[in-house]
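First the structure, which I've put down as structure tokens, then a few questions once you've had a look.
Just so it is clear, A, B, C and D label the chains in written order, and each chain counts residues from 1 on its own.
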Amino acid sequence: AGEEAPATDEEAAPGGGAVEATDFTVGMVTDVGGIDDKSFNQSSWEGLSLFGSEFGLEEGTDYRYLQSGDMAEFEPNLRTLVREDVDLVWGIGFLMEDAIRTIAQQVEDAQLAIVDSVVADEDGVPLANVANITFKEHEGSFLVGVAAGLQTTGNKVGFIGGVEGSLIKKFENGFKAGVKAVNPDAEVIVQYAESFNNPDRGSQIANTMYSQGADIIYHAAGDTGNGLFTEAINRARNGENVWAIGVDRDQHEEGVFGDDGQSVTLTSMVKRVDRAVYLVSERTMNGDFPGGEVLEFGLDDEAVGIAPSQDNMSEEALQAVQDYQAQIQGGDISVPQTDEEYEEYLSSL
Amino acid sequence: MKKLLPKNKLISLAVPLIAVLLGILIGAIVMLFTGYNPVLGYSALLAGIFSDTYYIGETIRTMTPLILSGLAVAFAFRTGLFNIGVEGQVIVGWLASVYVGIVLELPKLIHLPVAILAGALAGALWGFIPGILKARFQVHEVIVTIMMNYIALYTANYLIRAFLLVPGERTEAISKSASLASPFLQSLTDYSRLHYGFIVALLGCVVMWFILWKTSKGFELRAVGFNQHASQYSGMNVKKNIVLAMVISGGFAGVAGAMEGLGTYGYMSILSGFTGVGFDGIAVALLGANTGVGVLLASFLFGGLQIGALNMQSKAGVPVELIDIVIALIIFFVASSYIIRWVMNRIKKEGI
Amino acid sequence: MSYVIEMNNIRKEFPGIVANDNITLQVKKGEVHALLGENGAGKSTLMNVLFGLYQPEQGEIVVRGEKVKITDPNVANNLGIGMVHQHFMLVDKFTVTENIILGNEPKKFGRINIKKAAKEVEEISNRYGLKVDPYAKIENISVGMQQRVEILKTLYRGADILILDEPTAVLTPQEIQELISIMKTLVNEGKSIILITHKLKEIMAVCDRCTVIRRGKGIGTVDVSDTNPDKLAAMMVGREVNFSVEKGPANPKETVLRIKNLTVNDSRGVTAVNNLSLDLKAGEIIGLAGVDGNGQSELIEAITGLRKAESGIVSLNGKDVTNFKPRKVTESGLGHIPEDRHKHGLVLDFTIGENIVLQTYYHKPYSKNGILNHHEIYKKARSLIEDFDVRTPSEYTLARALSGGNQQKAIIAREVDRSPDFLIAAQPTRGLDVGAIESIHRRLVMERDKGRAVLLMSLELDEILNVSDRIAVMYEGEIVDIVDADQTNERELGLLMAGGKKEKEGKAR
Amino acid sequence: MDFMQILALVIPAAIYAAAPLILTGLGGLFSERSGVVNIGLEGLMVIGAFTGIVVTLTLEGMGFGGSSVWLAMLAAVMIGAAFSLFHAVASITFRADQIVSGVALNFLAVGLSVFLIRLMYGKGQTDYIRNRIYRFDVPVLSDIPIIGPLFFSNVYITSYIAILFAIVVYFVVFYTPFGLRLRSVGEHPMAADTMGINVVRMRYIGVMLSGAFAGLGGAVFAVTVSGNFSGTTIVGQGFMALAALIFGKWNPLGVLGAALFFGLAQALSITGAQIPLLANVPSVFLLTAPYVLTILALAGFVGRAEGPKAIGKPYVKGSR
């Protein structure tokens, strides 16, 4: 599974090069991070860009993005696109749920899509004109947990979350489950930074965790997680043997230190928002808008998993990751998402 | 002397106008030098404010909390205090109004005012703390209010997370009976988020003017702001008035928060950072010369620029940050009104 | 005879006013030259021109026979001109030495050589008899010592032409005597002095010649030996001035103010008023005399509720008002013209109208149910401006824009208009010219004759003697004696103020 | 974790977090001691951080390697000083309200820097710099028991620089002619004027020094803490520095102490979650601790902070 190339490569395009200009238009609204946040906004835009260039759309008119300066701009930005009759309007991130709901209910012929959330009406029924894209982050996190559990030398690993909530809980519980699966004695230290964009806090939390003896730390904290890499590099340069696990994208680059290209990144849990964006956009262009559906992208779709950079992974870990992936896909393991499920999972071990 | 007066008034009016023009002019120069077309940029900006009822609705919606936070800053200024803590007061006001909007069940006629009042009270409480510290211990209100901003941010986030969280990193929505949202106004403005809050904001302008200039309490508040010794000498309770000034200022800010909670959003999210409403309020108050009408006009300018900037980004590709630059320059020129006046007097003299 | 300074045909304008209109001033070497004029006549302006703070629109300055252009104070300093400003130019938080060496610091390895500087300061101060403590902070020393520091500043820079702008306005009689002898020492050393003062007696005492200006115009220069105070005053204001206050005998009635065994601490917690008792009757003026700092200010603050009384009783019209809030005391019949008009008397950024109702704004008719009635407020202001001859463009003018004398008139108007049974006037004429003083004194007597009790606190013995019926002398927080005004004189009062009655020796501080 | 371990964790973290605040606070001190309020410290830090990152990235691209950050910090000092001219011209020459001018500076700094970032890189934030300033153990000293691990291990050289600056500034402000003149201008500009001191020039120097120091503070933050630049790199640190200035009573050593105190509270708020005794305390208490403690300290034992007397007022020759 790990051999998959990033979405920017040709093969990721299921359409396969049938380049023909259409009059389809698509737009996305980013969170405050913008399209270069090294995280899901960027990933989404990569997916949309690939989609656009594959199908001969013109950037800026046929496919484009609007960046939100703050939360108050979600709705105006989304509405701008809807008002311009853009065929498919993406809201990137669960924070846009309410804005999308409002607009979807008011403008019934709009076609909207949201990443990481499900937009439902008062009765909990998904709205018919919104496509909901979610990921099985817990599954991918489980796999990096397995790697961490096997490669820790001190039986102590750490998890840094951005802001506590059901989404990041999926990362946390999946990760913990993975660690425990292969190394029941290992301790997992968990701390939330209460922010997705505070690398300073990220590095201090990492500092504390490493000081306590954790040698591998996984983060699901957006920009805050960059502090983890700073701290890990700081320590690695002083000769300590510490690792970081990246999230969302292959974060090998972030961990590079020294002149010969070593990286403190053990591996990364990739979440292929680009792929989902590409696929759903394509479906919509082809007249198959998945409105009202909740699309759950997981290991099966190769939409979550471990990153292609695997130099720092041990053979044993790589092997174990593959085994567990098969088990999950085969339904032998049900990866916990919530704290309750995790408790259950633990007692079942 | 008498004859000079209208002329002076004219200059006073002209100064902010000139400041705005200069700010926009330099913005155009910046665009020109950085490869954007200023004509295209500004026409997109204008179109993004006026070209559609939707934009007008959004502009007014953006103005609403700005007016109130501007009033909060202006009120404090008028009473000799610098309230940098409007931001924090907005946050607690937002939370309190939403909380009341969620937990109470009352007929609209009662629920809505109570929810707004809750916002005002929370903001007032947040203003009370720096007020009492200033009055009792002479602690500089500027630092305390800066600190209170952070406390508000973290505390509000904590309270939401601990007690009010629903999926989506936010509180649940307020009941309809506490909502300022208006389907009528929305349909009038092509589904903008315009809500009845702007009436509250307009009332706010009147209230501030009334308190400061028409009541004996306002007389005291201003006197204490200008000269504590003389106020004490003339029998005013200086400490009480300092606290009261901060409380009222915080109250305005709290209502600004309520506008977001009860109007624009109908809930409160976990905030990843400051809302900016409070800090913009400082600029609005300054540009508006700390008067009710001035604040109203200034927040129209700011709200319009902020909403229009979105269109400028999407239509002309000019980054929204350009508007921040323009706003900064406008504040700069307003502050430097001395030099504008000086130049204008020069021109006039030479003209005669 | 050559002049050390010649200012010829100086003209200086401010927006809307010609402060100096073709003034000529010639100062001889080694003389004390008085500059006399009403408030606002343009004296300070002229001196600021000489010192380089202002540039004249017209005219020339000749120093020691050479035509010069004094573009800033540095130039003046280099020409040997030093100025002691009407309002002290001292940095409160600096020490005496730091203030003196500022801008001219002796250095050692890049740092200030404060020891050397302090020694120099001590040397100069000993040479001219200007006693100062080089290491004391300005905020902790007396006004008199601050003045000496100002003079030292100029001497440290080697000035031999000294400008002293109203140096005595803030001094006690003793300090004035000291200053006069210092001036004499300086002149004997060959230095020249330009002295601005409103006190004609001082001119007669130390000055050789006197230049009079009126409304920005030079009136003339006279030899002091050829003139007398009446002539000078007439020159200054352009008419005859009556110095002695015309008043009939007092007609005291019932006791209005009764103070019994009052003890008050000052801001540092030291006893400032010590077990003091005093009765004041309707229809009389008691003058409160004393050297500054003997508890007068604290006494007044305690009476008015601005300061807590530690023990004792203050009663007004038979009602105990001890430690009442200021407003309660005011409402019980107190009017108070405060010592510091800018700090306590006025809200400078309020209009005259608003200042006029500063004590009464919450009353009918100025407000009703908490709502102000601007119409009534400004109606009142207009009538008081008229009655008290406050010179202001309008009742909407900010108090800040008024001259000192007119600000004081506005305060007096406000306080007197409420017809208080008891009126405190603390230093009501400080810094004002004779014309203004005359009218204020007349007003105080008028109030007495209407049956009010007046407590006049002043550091000016002339004022105390002229206006009061009885004089209470304070020394170290106690009233050492109460004497009838027409049965005492300056000498006796001076002795009492120095603690004479208690047979205490030494300085009064 | 044992107590020593906690200290070894918290104290270096406190010093590290304090460094940008110390530098910026010292900058504010120069400006305010000369009589010019500087709310614009935040904006000046933004410019410093912006310069620090952009110059580092550019120099790295040109192959300067490890020296890039140092040159970048130097550049930040100069650009910071130049940018502060905006505040100086407005508030000194144009007699603008100093608070207003500072607020405008803050708006301008964020707007301009992000605008330029978009122009230069086509996106809202920069890449991460490669050559950061990394921690090191001071040779020999770090081996001293107790003191070594607390103060000489895991330290940033920039922290030492900041502390050194605080001491130097203390000397300059209180023991040199320049310092005396600077303070006199902030206390009583007219008095200074009559003593032949050029008030306007002193104030320009004060404000530009504040720009230089705050620029350095921003750059230090950027190259040690954030590693890249975006509109949210500096959020509130400038205001905290201002608080440190007031808390420290406009005294360089006071600023040092206040900044260290803030740093300590911040370090505790992060590390506290993993300290057994503090782990069960809701995080909000730790998060808000620095701010609450500052307020309590001001109300309780620090008491009234009285600034330079003439602060905030434009100096107009001959006015009274």
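Operating definition for what follows: a contact is a pair of C-beta atoms (placed from the backbone, for glycine too) under 8 Å apart; a residue touches a chain by one contact, two chains touch by 3 or more.
What you see is a predicted model, and the numbers here were worked out from it, not measured in a lab.
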Look at the interfaces A-B and B-D and say which one is made up of more C-beta pairs in contact.
-> B-D
Farthest chain from chain B by C-alpha centroid distance is chain C
Approximate Å spacing (C-alpha centroids) for the pair chain A, chain C | 77
Averaging C-alpha coordinates per chain, one finds the centres of chain A and chain D separated by a number of Å equal to 36
When the C-alpha atoms of chain B and chain D are each averaged to a single point, how far apart are the two points in Å?
-> 28
Residues of chain D whose C-beta touches two or more other chains = 232, 283, 287
For chain A, residues that touch 2 or more chains besides their own = 32, 67, 194, 197
Can you list the residues of chain B that touch 2 or more other chains?
-> 154, 157, 273
Chains touch in the following pairs A-B, A-D, B-C, B-D, C-D
Write out the stretch or stretches of chain D touching chain A in their complex.
-> 1, 5, 8-9, 13, 17, 123-125, 128, 130, 132, 134-137, 225-228, 232, 267, 270-271, 273-274, 283, 287
Which of the residues in chain A end up touching chain D in this complex?
-> 32, 34-37, 67, 189, 191-192, 194, 197, 199-201, 203-205, 207-209, 211-212, 226, 230, 233-234, 237-238, 254, 256
Chain A - residues contacting chain B, complex | 32, 60, 64, 66-67, 69-73, 75-77, 79-80, 83, 94-95, 97-98, 103, 106-107, 117, 163-166, 194-197
Which residues of chain B touch chain A in their complex?
-> 54, 58, 62, 154, 157, 161, 165, 167-170, 186, 190-191, 193, 264-265, 267, 269-270, 272-273, 275-276, 307, 310-311, 313-314, 317, 320
Mind pulling up the chain B residues that touch chain C in the complex?
-> 1, 213-220, 222-223, 226-227, 229-237
